[in-house]
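The structures come next, written out as structure tokens.
What follows is chain A paired twice: with chain B in the first complex and chain C in the second.
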Partner chain A sequence: MSQYAFLLDLGRCIGCQACVASCKVGNELGEGQQYIELIEKTHGEFPNLTGGWDNHRCFHCGDAACVTVCPTGALFKEDGLTRLDRDICSGCSYCTEACPYDIPVMWEGKSSKCDGCAETVRAGGTPWCVGTCPSMALEYGPREEIRAEAHRRAEALRGRYPNAQVYGETQAGGLGLLVVMPDDPELLDIPIDPKVPFMADAWQKVVQPASVGITIGAAVVAGAAAVIARRRHEEELEVLEAEGVISGHADGGEEEEGQ
Partner chain B sequence: MARVKLDITRRAFLKGGLATGGLAAIAPTASIGAVNGMLNAKDPWYREGAIETTYNVCDVCPWRCGVVVKTVNGVVRKIDGNPKDPKSRGMLCARGQGGVSFMYDPDRLQAPMIRTGERGSGQFKEVTWEEALDYTAAALLNVKDKYGEEALAVFGHTSGDHWFADHFAQAWGTPNAAKPSASLCLSPRDEAATLTYGSAVGGHEPVDWDGIAAMTLIGSHIGEDARNTVMQDFANAQARGAKVIVLDPRFSSVAAKADYWLPIKPGTDTALMLAWMNVLITEDLYDKAYVATWTEGFDQLAAHVAEFTPDWAAGITDLPAAQIRETAQVMAANLPRAAVIPGRHTVWYGNDSQRMRATYLVNTLLGAYGREGGMYFNKSVYLEHYPYPPYTVTGSSGGCSAEPGEEAAELPLGPTGKARADGVREVFMRGPTAMQELIDPMVSGDPYPIKSLMVYGVNLLNSIPNPQKTIEALKALEFVVAIDVLPQEHIAWADVVLPEATYLERYDDLWTVPHKTPYIALREPAVDPLYDTKPGWWISRELGTRVGLDAFYKWETIEEYLDKRLISVGSSIEKLKAEGGVITQDGKPYLEDFDGSSPFHTETGKINLYSPELAEAGHDPMPVYEPVDEPPTGFFRLLYGRSPVHTFAKTQNTPVLYEIDPENEVWVNAGACEELGVADGDYVMLENQDGARSGPVKVKATERIRHDAVYMVHGFGQNAPGLTNANGKGASDTKLQTRYKLDPISGGAGMRVNFVRLDKEGV
Partner chain C sequence: MTTQKQALGDREVLRYRKRPRIVHAILASSFLILLLTGLVILWPALSFLAPGGTTRWLHRVAAVGFMSVPIVYLIADREGAKELMVDSFKYDRDDWRWIKRFWSYAFGHTANMPKQGRLNAGQKMHHALVMLLSAAIVASGLALWFFTPSLGATGHAWAVVIHDLSMLALTLLLVGHLYFTFVYKALSGMTRGYVDKDEARLEHAKWLEELEQEAAEGAAEEDKQTV
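And now, the complex of A and B:
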């Protein structure tokens, strides 16, 4: 299966938001729904400043935590990208807690994030953001080609930005969004080593099977959410198991599905 | 990694068999529902039916990119750049993407209206077009009978303004037609250019981006000012390694990309440029062969700038002398592939033509004009006008779509012998009609009464400085007709409102603009007009034929008009469509294309480093730095600029753009905020030096601006109840601009002469 990827060249991005608007219009996103957000990042004190635009958008992780925790399969990997089928999303919101980059959000009760314009590409088009970007900061194509292009661009940038680098080759199993960065990712508040908030294996073995059931206890969900909220320590999950939180609460009452 | 456009059209349509022909006949309101209400349906819009493609010229901003409009079942769904268009090259900015939303904005004016309440009350009754047009024609003729043709002022903006501010006004006989793109924007830039090298910069700044090696941006905030082509060219130039020097009191998006950011003290740019000239000349860095061949007055300039050393300028500009010297050396090291970019909105301090002259003189020392990688020569497209009888009065509205014209020896007179009422040749030297100078005659009757106003597409109370005075004028006028798409603030002051169809619903005149490769672009309707709206050409024609101007509207249909014009280039609407909506012609961009003759249209055929015309008119023949007023204690200079998501005061209500950028913020230096006890995200009121107050506006406490100025995006703070989204959001810079300083050369209205203080009371 071919692996595809996006290229995001922050050396070129000038913050014009054409991608944001094209994505919203091309995908006919609803009011308040947005897959790309541009966030200004500035460091230093006047007049010794550096800065740029963080593009807050799905990184399409190779090992996607959102896919791992999704109980319905609404989030899944395809062609190297992380797809979302909102029609089968149960609205559990686990993905919003699991994502190391804080990407998915709940919109009208269901998960909402970039799906790589799956349908548009299938129809012979280019992802809407890529097609319109006036700075040509965005590209889309086979991951290997994108990777080579990213390195070519980072290399060319080093004349101006000695620390220019490619982000995403190794993070989270290799990202489907390779980012050319003029400087270290921390300057954009992007983690060098993104951590998922729990042990994925344990999640799949324990919590997920329980939550896929027709009736899901509110306490189960609350318990799981609490774990996630406390974040990324194996010990916590062990404690959780030891305390037996996961079993014994199936009579918890309210349905969580279909909200 | 090819940028393939969506190309499923008929292939997918046939394969999918998703024929839903019934949708084509749905009512306009249902169409809006189709766009706003069918979100996340299983099938994306491009699988609902065949995609119909039409060509258009984007009207959301004045840059006018060629676009391809995609319509499915009678509903416009997506707009993309037209790959054949020299401006868009297949790409489009956020605002252009918002065109669909602009058209389907439920707040649009939907039917002709006649005022029933007091002026300003916003009370109207809906009437038929027949009634509205008859009423308007009678009122225009009534004012003409009493005061003459010149008593009508016509203000026009956006791409249909030709039908009113040019064609109707000139046929009718008023010299008082004006566009904000002249004296509220480009006039200093273009008049200074004409005085210096003989022609205006023109609508598309002729920067030869393809080969540029060093660019200097003076207040131009590329990326925030989101002209599509310029963003593309800038990104490519910088990726190639071009050096970028940015002068801005603010760490703008492009300043963040610059090799040199010079956080200059506002109002001191001319001092810096004089020092740059000093370095280029005293260090012998300028292009000597070019200067010897193509300029007049070098010795005078050299003597003039001898005293303006980097050390002198450092004390004025707040910039280190070493940095001033170094940036001049960077430009010189790359000449002639180096240019100071002329920019667009140049009405800042009232001394703007002189500042622009300084810009051009630096470029001349760099040998940039007519050189690859510097500044090329724009060429006008060849296309015949429709054969009209001679106009009653010659036009002088100017603006960014105007062909660069000669300054007439004698001012054109209207039928009753009156010239422009804006004071040209008296209070300012030359240039197109100064819109803001026509407000006073509406109130005072001096030099003669202006008694009626036709306003097309100008956001009157959010564009012209001192809107308080404009309201006085709106009260004093005998008749006001407004032609617009949206219920803008001034609509409440009109006697008649004529609702126009948007650019996606109408044919229009062919788009032509001087360019490196001159071209003709087509605007054709993607769908029929929504509601009871009509295209501008139709409104102009209906009014014209009702006031006795039939000879100027001989064509019956717009198609006939367009085909007649296109014959002159061997084309037609159908051919133009078949060829992708754009016809491109050859340009003559460089000196060598002129075979030894001079491309400079000055008297001597050379670039005027020393301007005899300015000397003769009593102005400084070479730029001089004059200090601007300082902010009073406790006040900041009010600077303004652009959001990449909005155009002027036009798109703040457009749903999708409103969502992305719903309100402006006032940028205040973080240290100054601390002193004032104001935190990032707080809301404050702004009060200017004359006591004018804004509504509440959010503070952006930031290191990205100097301590002596505040900044906000223009166009917010509108007081227009009919604009559901935009009404009352953010603060209006225009309403805080109770003063402006007239540029005595071009008639431009310098607007950065206002000061504000932050007030936490009353929020």
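And now, the complex of A and C:
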């Protein structure tokens, strides 16, 4: 399976909101629903300000916490990207709690997040944000090519921005969104080491399938065993009745109320 | 002769009075609603039922019912609640011997089982586990209900796992509960309140002996008064 990825070059992002708009229109998102949000981040005091546009969108984690905690499989990995099938989302909102980047939100009772334009890409198209970006800050392609391009761009930036770097090669199992950053990620409040919740793996991989399986298995086994055990108990009652240990009116005795 | 049925009849014994039966019905119905409305967020085949928020609302209403059980029990039947609480955590020598032979009893053999009181050792363990697991599920459920924003990702994951594991264990206990109800024909104890006297003699010999002794003493007392 080939791995795809987005390139987000914050050195080129001009904060024009074109990606936000095209994503919303192209994916026919509902009222109040959006997958990309541009947030202006500034640090320090005038005139020594640093910061820029945080292009807040799904990072498509390799080890995605949202996928791990999703009990229905509505969130899943495909081609290195994190897809969302809203049809089977139960709206438990576990993903909104688990995501280290605060990406998924609940919209109309179900999870809502960038799915890498799954439908558009399957039909041979380019993700809407990438196709619309006027400053070439967004690219999409095989992850290795995107990674090489990201390093070329970071290298080129380093003349003016010595801290220029590529974010996302190792975080959360390697991201499907590689970000070229002119400066450290903290300046945009992006965690250097995103924390995947402890126990998240145990939840989906062990507890949930085990719960349903064990319960159904136990009910089936207990049902069959109960029939056998009840027969043995009735045999025992007959023997004890014959021996005179009990009076032996168990048969049919239950419906004799009111006599 | 009174028209009211005797607590210790010829064929049947009163096992549960009306009030504990009502408490049990609240517990059983709220548990089943909680199980089904909880399952819809885990089971992909049922997940389409969840997003409207109706099942969440039902889950919370049933949760209040479930949490009210110990309070309702104490109000309705203070002595019974206390007795259940104490008995469930008190095991005598016969209880331990009974536990060793549990599998024989599970397969329908009462012969050679040590004599048991009103609660057999299996019921004691069942009740004790239900109480402990209910505490865990209520604590984790309240955390998820009211404190999700402040739990953090790890705290939330812990609460979910505790909630699910305790529900798994409680559901397995329910399977066992229904199993023994069926094998030893005990359902009438919770519907009409009476159980078969033969079954009581085989499975709760000490309890029945106590009842018979009490009845004999009562009769002797009555005789004395009439003389």
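Keep this in mind: the second predicted complex is superposed on the first by the 205 of 259 C-alpha atoms of A that agree within 3 Å, B and C clash if a C-alpha of one lies under 4 Å from a C-alpha of the other, contacts with A are read in each partner's own complex, and residues count from 1 in each chain.
Going forward, contacts are C-beta pairs under 8 Å (C-beta built on N, C-alpha and C of every residue); 3 or more make two chains touch, one makes a residue touch a chain.
Note that the structure is predicted; figures quoted are calculated from it, not measured.
In the superposition on chain A, no contact is made by A:Y4 with either chain B or chain C. By the touch criterion defined above, A:S135 reaches chain B but does not reach chain C.
Contact with chain C, but none with chain B, is seen for A:K195 once the two complexes are overlaid on the shared chain.
Using the contact criterion defined above for the overlaid structures, shared-chain residue A:V69 touches chain C, although it does not reach chain B.
In the overlay built on the shared chain, the residue A:G109 is in contact with chain C alone; chain B does not reach it. By the touch criterion defined above, A:Y94 reaches chain C but does not reach chain B.
Note: residues 87 of chain A belong to the chain B contact set and to the chain C contact set alike, using the contact criterion stated above.
By the touch rule above, chain C contacts chain A in their complex via residues 5, 11-12, 40-44, 46-53, 106-111, 148, 151-154, 156-158, 160-161, 164-165, 167-168, 171-172, 175-176, 178-179, 182-185, 188, 192, 194, 196-199, 201-202. Only residues 65, 69, 71-74, 87-92, 94, 97-100, 108-110, 195-200, 202-203, 207-208, 210-212, 214-215, 218-219, 222, 225-226, 228-237, 240, 246-250, 253-254, 256-257 of chain A touch chain C when the two sit together in their complex. Looking at the complex, you find that chain B touches chain A at residues 1-8, 11-12, 35, 38-40, 42, 44-47, 77-81, 90-98, 100-101, 222-224, 226, 228-229, 231-232, 234-236, 238-239, 241, 251, 253-254, 256-257, 259, 261, 263, 644-645, 655-657, 659-661, 669-671, 702-707. On chain A, the positions that touch chain B within their shared complex are 7, 11-12, 14-18, 20-22, 24-34, 42, 44-47, 49-53, 86-87, 119-120, 123-126, 130-137, 139-141, 145-146, 149, 153, 156, 159-160.
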